[in-house]
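What follows is a pair of complexes built around subunit A, which joins subunit B in one and subunit C in the other.
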Partner chain A sequence: MPKTITYLFLDDNDKATRDGDVQLLNTISTDVEIKTDYPLSWKQRSKSIFTDLDQYDGIILDWELTNQSEAAKGSDEVEDVDFSAESLAEHLRVNAAKKIVKDVPIIICSADNNRTFSNLKNRELTSRDLFDLTCIKNDLFVKHVKNSERQLFDLATVYKQLQSKTFDLKEVLDISADELGLLDIRFIDTLENIATTNTTHDLVYFLLQEFIQKEGLLINEAVVAARLGIDIEKSGTSWNEIKKLLIDEKVDYKGFLSIGWSNYWAYKLIDWWKNISNQDLRTTGASVRVQILNDKFGTTLVPAERIRFCSSEEFWTICKGTKRPLDPINGFMIGDYTSNPWLEVEYVSAYAELEKEDANAWRISAIERERFDKFKAKILKNE
Partner chain B sequence: MSTKEELLKLRDEINQQLAELNNNSVAFTVDANIINRLGKELIGRAETGVSELIKNTYDADATFVTVDFVDSNLTGGTLIIDDDGHGMTKENLVKGFMTLSSTSKIHEPISPRFRRQRAGRKGIGRFATQFLGEKLVVITQVESEEFATKITIDWNSYEMDKELSSIENHIEIVAKQKKKGTTLYIEQLRHSWTDAQIRRVFRYISDLLQPTFLSNRSNELNLAKQGDESFLVECYRTENGLRTIIADINKLLYEKCLAEIDGYVTEEGDAYVKVKSTSFQLNDADLEISSSKLNNDIALPYPVLRNVNFKVYYFIYDRYEYYQNGITKQELGRVESLAAEQSGIRVYRNGFRVLPYGEVGDDWLKLDRQTSRMQFELNESTVSFNIPYTNKNFFGFVELIDNEGLLFEETASREGLIENQALEELRDFVRKAVTAGVRRIAPFIYNEKQKRDQKKTEAKTLKAKVEGLQAKIEEFTNEDQQEDDDDDHDTNSNSQQHQNHKDKKKEEIKGLLSELNSDLKVILDEIAMLRILATLGITIGEFTHEIIQFPIFFNSKLQSLFITEADPKKREDLEQVIDKVNHLDTYTSYFNDAVSRNSKRELEFIELRRVIRPFLASTKWDFEHEGINVQEEIRGYEIYTIQMHPSEWHSILLNLYTNSKKALRRAKPPIKKIRIIAGKDDRNVYLEFLDNGDGIPEENKDRVFDAFFTTSSPAGINASLNEQLIGSGLGLKILKDIIAEYNGNIFVANPPEGYNTCIRIEIPKATDEQIKSLQN
Partner chain C sequence: MSRMKDILSPREELKNFSIFLTKNQWFNSICVPHDLLKILNNNAKAGDICEYNLVKFPFKNINLDRHVRPDWVSRLAREEEGESRVLLEVACECNCISDEDKISDPIIMLATKIIIQFDYFHNSNVEDVKTLQCSWHLDKHDPSRGTSTSHPLYHYEYGGTEISKAQGFNYGDFILMDSPRIMHPPLDLVLAFDFVIKNFYAYNKHKSLTDDPSYKRYVKNAQYRLWRPYAISFASHFHDFEQTYTIDRAFANNILHCSQ
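Presenting the complex of A and B:
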């Protein structure tokens, strides 16, 4: 059965290596096929890419295109690659905006997880909308291959859908008109604005960055567990039972980009809880939440424990460092100040901040600094 | 008017009449003040004066001279120079000593008895006595006469406007004081004398000194007599009747050698050697020397050789830091220049010197022809390095006691001993004994060398030295300039002082230069080594960069195969391969990370958990594979070092881990444990790396950080560079260098219960302000 989605992977390795790299993804996927090609020179590729797109639904670029590898040398593909992944992506984006070429997802990957590439990932070096995804090659093709396969499929499908139909907010979010009224109006307004005035890639970028991949209107599995006070690992199959219940009750998100990224509606979780208990979820401790759930569903859920130096078990989010449940009152805000109002603030626990291995992983906001310093002084004194 | 006065008056008149008679000729008359002027102009310095007088005793074939400065802390003291030379008859005294510019030294350039090359400058002695003191008393006697002659000269009577010959000196016959020899009493000394000045006198004449060749053993056993040919000088100071020795040859030179090697062959032909060194606190007695050429395990006696003693003083020049016996740099330099003419191992037969053995250029023991590379075992490892032991490094003698002439026979031409078995055995014995002696010292030298190498690699020291040298040179040139400016106003003694001052400065500059030179050698060696390592590092960088993409390929392919493979056996194989590829991936990522961090040259404040944890994550597979239980114990938070390169911690941890792994493999404990402790105290952050391997023996604790120290067995001759580097023993030395650069410390600490080794690293910690600035 022919696969529905085809990606082009441009990499300066020899054919055997390129094909080998994508073999696992091609093997496991029934929907996605990745074909590989040598990038060639700018003169050749900048033209051929337009005709290429007749056959492809997306592009994957190796970031280090100009660093011709030893392996490629001596092969027939001797022509030097003289352009960067960014320039090709820019070329495609500009021409897509002019409607000269169809808009497709562009994914960039790098074998080497160095600082420069991380910055690229954090969008510090590129214009904001060049790449839909920025990945470590090993994660993309091996380590998280199942996830990436779903995401590649989803992205290409969503691009196609958005370009083939008129934009319908309710369809995109898979939500009724009534429910739409429950969402932050500013989010709805921005989304509709982008959908009517901007390109497909702008819209996908907005969905990924301001909706799908961040906590706010949607929350991921870990935050769901935190809000229910559950320790996922210790709860084992009981957690799967709860997840099944949530899906049955349509708490999960089913709109665009829900195949590649699993999410739940934050407000629907609260509604779901209200049907179980009349205790306020936010101000109930984890052990009580879990007790209620276990009593109601006969599960053996285990309540999550507090992170070291934390006092509250009324968990609502997860700590950015430890990824464990955290009550924001015990957390310290991180991140910039420009985030959209419908998104939740990210927090880190004092423990994670003190134990953090990568100094650049996050930064406590200046407004929280003083509070943290006082708290730290208290901890260090007791240590 | 006495008869004598009348005669003198008559002589003057005759002279005058002769002059008048002979209108065509005129004679010089000499003003008495010439003595003063000659004294000042010819001698210049007091020390030179005294040394000239001692040289005169050498020329008189003296063997033992005492120089005594009596009450001479201030001016007005007395200097007594007493020798056992041939002495003077009254006639010698008058014709020689009392005749200015006498020709005896020109006529007889070689001393009568010992055939010494005359050392004194002609006719200087008497002026020296005038320069030194206001009054001179000479008492001298010869062996053949029953009395002594005494002359008293008051130099103050040699005033201006007097005819030189008109000044009378008192001469008398007195009772003999000793068999032969001369004693000078220089009274009313014009200078005060410090100990340093007295030692300087001694140094001026030290090239004349001949060692006493009576070995301790033959002295004790009364086997041989003190030889006649030696020339010994002792300098004393007497204050208030108390006499103390200031300088003698042993005190000044030979006792300050690096080692004394002393050997003998008994009546039975058994041979032994003793080595003594105060610098290294070494005193090894009676080491056996075997006559056998082959087997050194059982010492065989010499078949023919009997009754030989030898003693040598061993010096290594240019290595002042080896000496712990109070020798000064100047003294060592003095010995070195002395070595040009006096070094070597001489042979004395029944108290008489046998030439040419031990003369300059003679190499009867073939010491100069040997290789100076010495190999020896040091704490289970073989060490090989250069230690100098050529003739130049020894001062010494061999004493043959062979009264009947049974063993040795001199050639008819008196040019050495006839080549016979005894001589061959003698060569064999002395050579082996000297080598054995040096071998005993070698490990100490080696350690010193290591210490020195370490010390000298410190950039600071080097910088300080260069600055010191610069300052010295500037000082020197400035003074030179000044001197040129006021040259005309200088008196002679001032210019002498200047010269002396300049010489001293020059010596200091030379010393600093030679130190810098040897530092430079050490640094160049190290740079060569580092260059090799750097090349290797670049190669590793390229390698990891290239290889980083392969695990993706392998994994992608292998897992595809795994998914499509139905055969359980093949699936199992594939699973194993996938596991190994993942291990490779972890390693590669770690090194790739290390390399990319390394390319970043900025320094960072480093929180220890941020280097320990990535390290543990990347080596997890390895230590699990090795069956090592690794624990981390980080005490407290914000354990920040001062600014360092993050990659340096990669090196530190990887090196320590590799060492521990080896120690655990050797010891094979039931539970292999490694524990990494980190924390901070008031001044430092610390890291302790513990294991329960085979531990470090006490004697190696200080040495494990030395370059090339290793307990690994040496790599074979065909081993690859990689194998050689891994066991090269450079690891801890590099760590030490890294840590020293940050004024930190690395040492072997006492391990807690349950562990056998603890390497502790201390690095100054970042200040609270610095930590705070990091977070804002």
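Presenting the complex of A and C:
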């Protein structure tokens, strides 16, 4: 059966290397085909990209296009690449906004986790909005290939759907009119506004950055486990049983971008819990939460343990460093604390901050730094 | 004396108060104002009833160097050998009063909980984190539900479920603080915040917020909304207000916990 989604991967490596990069993904996927090409010069590519779009549903760009490549050095026929991935992306976005070409997902990747790219990635997540995804090449094509394949498929499909019919909020979120009333009205209002006035990419970007990939209205599997007090690894198949129950009870998110990203509705998890116990979930400790679940479902779930130096087991989020359950009262706020009100504040544990390897991985908010310094001094004094 | 026309609906007040707090630098250093903005999520829904539920809202680095027993806790707190916090929970449902001369209870449901916690390393062992805590709750008693002991309409109760819910709670882990008053006018979010801020932080810390005329106005408005009907109903047992106000007698009687 022919594949339904085709991406174009522009990279300044020679053809054998390029094709080698995408081979694994092409092999495992029944839906997505990635074809590769050399970027060429701006003069050529800025024109040909429009006709390229007739046959492609998305573009993957290598970030370091401007490097003098082996291919360019080795052959007279190939022109030097004289533009950046950002300029090509901008070129596409502007023309999509003018409705000259269709809007497609654009993914940027870099060969390695170098610091400049890591900074760019961070910038991407906050202010710049050209790219739908920013990835390390090895993560995209090898390490997380199964996930990336689903995400590439989902992105291209969603772009097509959004451009082929009228925006319907209930369909996009897969939610009833009654349930819509339970969501933060500021989220609904922003979403509707973007859908009516902005481009398809703006809408997808908003969904990814302010809804799908962030803890807030939706929560991922790790946060679901934290809120139920469960240690996923130690619970083995019992955790799968709980997940199945949650899916049977429609706690999982089934709207747009749910194929590439697995999520659960935060409010539905609370409703689900209320049918099981009259204990308030937020203020009940993990061992009691897990005991209630085990009694109810006959499972052998194991409660999550506190991260070192933490006092509370009333877990509600995960530490962004250790990825382990954390009660926000033990956490230190990081990053952008002026985020949208329907999103949760992000925290790290003191342990993660003390042990962190990559100094740029996160930054404790200025308003919490004094509290952290005091906490650190206490630990050092007593250790 | 403020009049009704100066006072917005509880919902408007809550919104403006929350936005005001998130802009105050000192408040940002002790709280997570973002979590306050979250509870405004359905603020624009139709109807007059204002409803919100604030859960485990932390006030960090509270001043715990006074009024704390046993002494070693006081010493640890003074030497900053632990982390102290107040966790505030306010679940509230209240009406917007439209007629100033009709005195009745604007509150439909109220449950305010104040939990004081102190984390420390037991025997200076960083692997052994212990939490000391005590809590009060102030809620509206539903008079239709009978009770065997004295149960004033609004009341403070020391301890409560926070202490008994922990299995194997070690009573040696109690901190004892000054006794609370038994009878107390209701505390909604604005008044509960004011209560926590003024009780758990030194004046020189919180004055940048509490001396702000806007802050004072929010507190005054909240008192006017909640404490004016409380005070007039209370006083109606000792003074005849019949020429001035129509008073909901059931409300007035419940305040003093009398059935006449």
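The definition used in the following text is that the second predicted complex is superposed on the first by the 372 of 383 C-alpha atoms of A that agree within 3 Å, B and C clash if a C-alpha of one lies under 4 Å from a C-alpha of the other, contacts with A are read in each partner's own complex, and residues count from 1 in each chain.
Methods note: a contact is a pair of C-beta atoms (placed from the backbone, for glycine too) under 8 Å apart; a residue touches a chain by one contact, two chains touch by 3 or more.
Just so it is clear, the model here is predicted, and its values are computed rather than measured.
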For A:358, decide between first (touching subunit B), second (touching subunit C), both and neither. first
Let me test your reading of the model: by the given contact rule, A:282 touches which partner, first (subunit B), second (subunit C), both or neither? second
If we overlay the two complexes on their shared chain A, which of subunit B and subunit C does A:333 touch? Say first, second, both or neither. second
One more residue to check, A:97. First (subunit B), second (subunit C), both or neither? neither
Look at A:369 in the shared chain and tell me whether it touches subunit B only, subunit C only, both, or neither; answer first, second, both or neither. first
Counting only touches as set out at the top, which of subunit B and subunit C does A:379 meet: first, second, both, neither? both
For A:270, is the partner it touches subunit B (first), subunit C (second), both, or none of the two (neither)? neither
Quick check for you: in the superposed arrangement, does A:184 touch first (subunit B), second (subunit C), both or neither? second
Would you please give the residues of subunit A that touch subunit B in one complex and also touch subunit C in the other complex? 379, 383
Can you list the residues on subunit A that touch subunit B in the complex? 13, 17, 20-28, 69-71, 111-115, 137-138, 141-142, 145, 354-359, 364, 366, 369, 373, 376, 379-380, 383
Within the complex, subunit A is touched by subunit C residues 28-29, 32, 34-35, 37-38, 40-45, 55-56, 58, 60-61, 80-83, 85, 87, 89, 117, 119, 121, 124-127, 129-131, 165-167
Interface with subunit A, subunit B side, in the complex: residues 545-546, 548-549, 551-553, 555-557, 559-560, 563-564, 585, 589, 592-593, 596, 607, 609-610, 613-614, 636-638, 772, 774-776
Write out the stretch or stretches of subunit A touching subunit C in their complex. 181-186, 280, 282-285, 288, 306, 308-312, 314, 328-329, 333, 337-339, 341-342, 345, 367, 370-371, 374-375, 378-379, 382-383
